[in-house]
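Residue numbering begins at 1 within each chain, and the chains themselves are lettered A, B, C and D in the order written.
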Amino acid sequence: MKYVTTIGGHTYHVEVIDEHHIVLDGKPYEVDFTAIANQPVYSLLINGRSLEANAFQTGEGWQVLLHGKMFEARVEDEQAVRARAVAHAAPETANEWLLRAPMPGLVVNITTSIGAEIKKGAPLVILESMKMQNELRSQKDGTVKEIRIQPGQAVDLHQVLVVVG
Amino acid sequence: MKYVTTIGGHTYHVEVIDEHHIVLDGKPYEVDFTAIANQPVYSLLINGRSLEANAFQTGEGWQVLLHGKMFEARVEDEQAVRARAVAHAAPETANEWLLRAPMPGLVVNITTSIGAEIKKGAPLVILESMKMQNELRSQKDGTVKEIRIQPGQAVDLHQVLVVVG
Amino acid sequence: MLVNKVLIANRGEIAVRVLRACRELGIPTVAVYSEADRQSLHVRYADEAYFLGPSPARDSYLRADKILEIAHRCGADAIHPGYGFLAEREDFARGCEDAGIVFIGPKPSSIAAMGDKTTARATVAKAGIPVVPGTEGEGNLSDEELIRIAAQVGFPLLVKASAGGGGKGMREVRTPEELPHLLQAARREAEAAFGDGNVYLEKLILTARHVEFQILADKEGDVIYLGERECSLQRRHQKLLEEAPSPFIGSDETLRRTMGEVACRTAASVGYYNAGTIEFLVDKDRKFYFLEMNTRLQVEHPATEMITGIDIVKEQIRIARGRPLRYRQEDVKLSGWSLECRINAEDPYNQFTPSTGRLQLVFVPTGPGVRVDTGVYSGFEVTPYYDSLISKLIVWGETRAEAILRMRRALEEYRIIGVKTNIPFHQALLESPRFLAGLFDTRFVEERFALNGETGGEDYHPEMAAIFATLMEHQSSQRAAQIMQPARQAASRWKWSSRGEGKGR
Amino acid sequence: MLVNKVLIANRGEIAVRVLRACRELGIPTVAVYSEADRQSLHVRYADEAYFLGPSPARDSYLRADKILEIAHRCGADAIHPGYGFLAEREDFARGCEDAGIVFIGPKPSSIAAMGDKTTARATVAKAGIPVVPGTEGEGNLSDEELIRIAAQVGFPLLVKASAGGGGKGMREVRTPEELPHLLQAARREAEAAFGDGNVYLEKLILTARHVEFQILADKEGDVIYLGERECSLQRRHQKLLEEAPSPFIGSDETLRRTMGEVACRTAASVGYYNAGTIEFLVDKDRKFYFLEMNTRLQVEHPATEMITGIDIVKEQIRIARGRPLRYRQEDVKLSGWSLECRINAEDPYNQFTPSTGRLQLVFVPTGPGVRVDTGVYSGFEVTPYYDSLISKLIVWGETRAEAILRMRRALEEYRIIGVKTNIPFHQALLESPRFLAGLFDTRFVEERFALNGETGGEDYHPEMAAIFATLMEHQSSQRAAQIMQPARQAASRWKWSSRGEGKGR
């Protein structure tokens, strides 16, 4: 299987030959890859080098925490990349911006109101979590379309709080 | 539910009333019982006292390791005990004794032979495990009926090694 | 005084810390817990545990009335408040006294004198101790008064909660225009954290160090200092990494002694007993100013324990029992170097937002010179109700360099899966040349340090990360493919295990 | 000498210990591993890791040839042997030398002189150091010769492996009749453990203490001692609990100095460099006899590290680099008290038979004064191939009493689920009045101590155990009943969780 993996704008071509052999950008490596204790902690022996990383799947790919550095990687299989290159990029259509809770917490205050015309950076909601109060701000200019919460309400991670149109 | 629980020859009568109430030998207790991290580690709050024990099911009942002391408990529900009291005890019929491996290991030497007449305590097998050599002895007088292993063989925990009749 | 059974009015790592001290002294313990904390270590370790109330602190750990009632009911004759929650509440200390319970802390009047930061500044200034310029007022001021005085203090300045501590209810103000809004924010946060919305102003001293002295004082009036801690590494006024001794004071024994003696005098000025901490700002000319006194056990007390060998919590209990100090000043010898990293459940790659969830795995670093004080374990659920400190990683080394290298290896070993933590932040900090050189002040983390700012270095291996990510993607797509196939033996085709022949020899 | 990359020819906790020292010195590391050890901590922590061979030690960790070949291939210029395996093999040390690799240990001739216990006894006796009476012979004796000499040595006596250490290949003989059989057994075990079946005899001194001195010696010939360790608590000649200093020597500084100086002289008599240990028997009249010298790092070295602040493994590496000792004798200050409990995977309730399996849960005790050196973690599989030591729990206290109380609380906190361990044994030992009083000798554990012998005490609660067992039985029968029922909501009927209303307030 051939993969195209992108980290920080740099693209790596990785071919997985079999359980113990891969090729990275044309260079072959012997590998031994195993999950430790059935957790997302992976041990990799690669040409004798021993590396261990925590890794998590995200919406866009994988987060790899290796020696205290976080890498965001996108992995695609080569055929998918080729197919995508042929097709046209879809136009950006998103017009609404959703303020989502960046953490679970308690709504302390709502500092805007429906219909308000706001600028990017305008404070919308004050959320308390772990004893800290956090001011959540708009990331775009626009109009407050919806407010989906009330003061005193407990909210979950990523829950939509406010819709800005 | 009423239970009869025996530890070290002493019998306790325990009634489980509901999730938070039990009666031990006529005395009521408030309890809060929970497994920690889905492991056989149990936290018990009993009339405010906080206790934690490791507990394991054995063939005969439960082993409870509490504050560094090991307790072997047999728990029966009261009806079963009553039923048993009515019935007669089955006569002991076991005539053969099986030497089982008390640990996984490697058979170093067999110090008996088929047909040998042996006394209780006679050495039968030398088993190496964790760099220690362990002499396994007969627990009864009798004749060696079967030897199911060979020197050099790796054996599993509880595997039958020798049959003494 | 008798201390025969101690109720710990706290949770998390500090409750565990206090429980351990009690256990090592043979004193029975009582835990109290909120709904979220039934499986917490402090409940598991205590001899007795009683339910307090719903998870929010105001309904549980801040319920002084319930806690006193539980103490009374279970026969606890002493209460250790830990830090935070009720630790610096004069009324709680007085409530204990009235109920005939030993408060393992200072007397109420000392808390009153030092707990209200504005009063404290006035008190120590009267004793001839230099304070950071600001609103030296009697009592608490209104917004209008503060806005008026702000011009005299000068900008930038800090709004600080009078009842404050731990950076809560604190705001930096750069211009007069910002002041009204930030005053509101600080008051709101202070009200939520301490139940007291009063604030005061303090000049913001730039390029300053935060250096604090640990003291012990007994009921006979003897006060000693156990050296200093360097606490300049902060983010949003929250300490992140502390060390003892301070590399800034270094071998300047004269400065250490001068500041230590001022610290003792400060404590004595309010008739203090218990462990306590006097915080100073030290400017680049080595002039120092009293900031505040914390009349309680401090989060970072282990750093001092590591270099003195003195168990500060046990000393607190001895002092509460009315015993004289076991050490004279000349018995206190500082040996080696200690660092403490505060491990918070927060995402360093996303503005340090708090992170909650069940911990799938906690693997703590161990071995020589490493200490971990924590309240969490594999399987524990980190909830949003309390602060984000889940562990303190403390190391000792013969020298600062050895301590730093040891901390690096310990951070690399630490595995916490289930919530995000600031471990990568500490790792980056411990590689920063300015930290290594001891060249930092209280602004360093926010102004001159960026996580992943430096993308070079020995340990930067994007190509290896690419291989990890690819193998994981491969593995998960192979697994997905297998689920499609009915035949079970297919599952072994891509067995990424260590058994078998062809492994990396 | 350059030591730029260290190969650790070992596994388990000691490999991890050495890896940590290398990492803290900034030296790259190489692990080697057997089939069973792919997921071991030493493989995970090392910078490089190479496969050695099948799980049995003779096919992996004892394969000197393969290890040297790996060192050559990966460019390691030094090898640390840990303890056991190849640590006291003169031929291996010489093989390293021949290959131009620094052996982090003594020179081969010192190993030869001390490694063969019969030669060692002869050597030190010649230097005027008292030895335990036994077979002082040149070379190794046959069974016939040993049986003949046995009468002169007198019974009871000990058969000991010439290449021995760690109690392996050792047998106690009480009567002449037992001797032939036990000679065989000892030779067999010695052959298996060390690849050398030679044995010698030694008089069994009753009511003796096993006291050993840790020394450090550099290549310039300077030798210092780091105080002693008390190692009398043994079972089948395996040490179980060590402490430093020895309560028997206590404050007898004259005896300590005399023995320490003899220890240094012993090392010097064979031109020793590296860390090393000289073991003595001390009889009830405080007369001491040389037992043997261990020319390697010792399992129990952390006890000494805790009371001296000296990192012995780092010192080994410095010495191997040819650096002079960093300490003179007068720099070595003993401070406080340390205990070490060896945590073995064995069943204390079933003749201490080894216990193997996957560790479902490992929760290590932490906090002030606690150190854990271990090679295992939650999810790790304990296999039958290697020795049963899975962890060392070490504590420090200002006094022996504080250390004991701290060890008790740490043992109570330790949770290992998946194999049986001897933690309950240590807990019982730490409650035994003779241990507390320091009144024990090398026979104590086997002759005067019984696990669960004492069924009284504060912590003996059979009625609570009965409640635990009953609730578990109840829970499991309720669960079984639910599995019969199709409706899923029934599952919540017996939810033994902490949420909800009716909990134990």
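Keep in mind that, in the parts below, a residue touches a chain if its C-beta (ideal position, glycine included) is under 8 Å from a C-beta of that chain, and two chains touch if they have at least 3 such contacts.
All values reported here derive from a predicted model rather than from experimental measurement.
K.L.:
Just how many steps, at minimum, does a route from chain A to chain B need if it may pass only between touching chains?
P.N.:
Graph distance in the chain contact network comes out at 2.
K.L.:
Between chain C and chain D, what is the gap in Å from one C-alpha centre to the other?
P.N.:
Chain C and chain D have C-alpha centres separated by 37 Å.
K.L.:
Centroid of chain A to centroid of chain C, CA atoms only: how many Å?
P.N.:
One centre to the other, that is 30 Å.
K.L.:
Using mean CA coordinates as chain centres, what's the chain B-chain D distance in Å?
P.N.:
It comes to 30 Å between the two C-alpha centres.
K.L.:
Report the inter-chain centroid distance for chain B and chain C in whole angstrom, where each centroid is the mean of the CA atoms.
P.N.:
Centres of chain B and chain C (C-alpha means) sit 47 Å apart.
K.L.:
Going by the contact rule already set, what residues in chain B reach two or more other chains?
P.N.:
32, 34, 37, 39, 45, 48 - these are the residues of chain B that touch more than one other chain.
K.L.:
I need the residues of chain C touching at least two other chains; which ones are they?
P.N.:
38-39, 45, 50, 361, 377-378, 412, 498, 503-504
K.L.:
Mapping chain-to-chain touches, which pattern fits: line, ring, star, complete or other?
P.N.:
Drawn as a graph, the chains match no named shape, so other.
K.L.:
Between which chains does touch occur?
P.N.:
Touch list across chains, by label: A-C, A-D, B-C, B-D, C-D.
K.L.:
Which stretch or stretches of chain C touch chain B in the complex?
P.N.:
So the residues of chain C in touch with chain B come to 31, 38-39, 43-50, 74, 377-380.
K.L.:
Name, in rising order, each residue of chain C that touches chain A in their complex.
P.N.:
57, 168, 185, 188-189, 192-193, 345-346, 349-351, 353-356, 360-361, 384-388, 411-412, 415, 417, 423-424, 427-428, 452, 455, 459-477, 494-498, 502-504
K.L.:
Looking at the complex, which residues from chain D come into contact with chain C?
P.N.:
That would be residues 16-17, 20-21, 23-26, 35, 38-39, 45, 50-51, 302, 305, 309, 311, 335-336, 361, 363-364, 366-374, 377-378, 398, 402, 405-406, 408-409, 412-413, 498-499, 503-505 of chain D.
K.L.:
State the interface residues of chain A toward chain D in the complex, per the touch definition above.
P.N.:
For chain A paired with chain D, touching residues are 32, 34, 36-39, 43, 45, 48-50, 52.
K.L.:
Please output the residues of chain B touching chain D within their complex, sorted ascending.
P.N.:
Checking each residue of chain B against chain D gives 1, 3, 5, 7-8, 10, 12, 14, 16, 18-20, 22, 24-25, 29-35, 37, 39-42, 44-48, 51, 53-55, 57, 61-62, 64-71, 73, 75, 77, 102-106, 108-109, 126, 128-135, 157.
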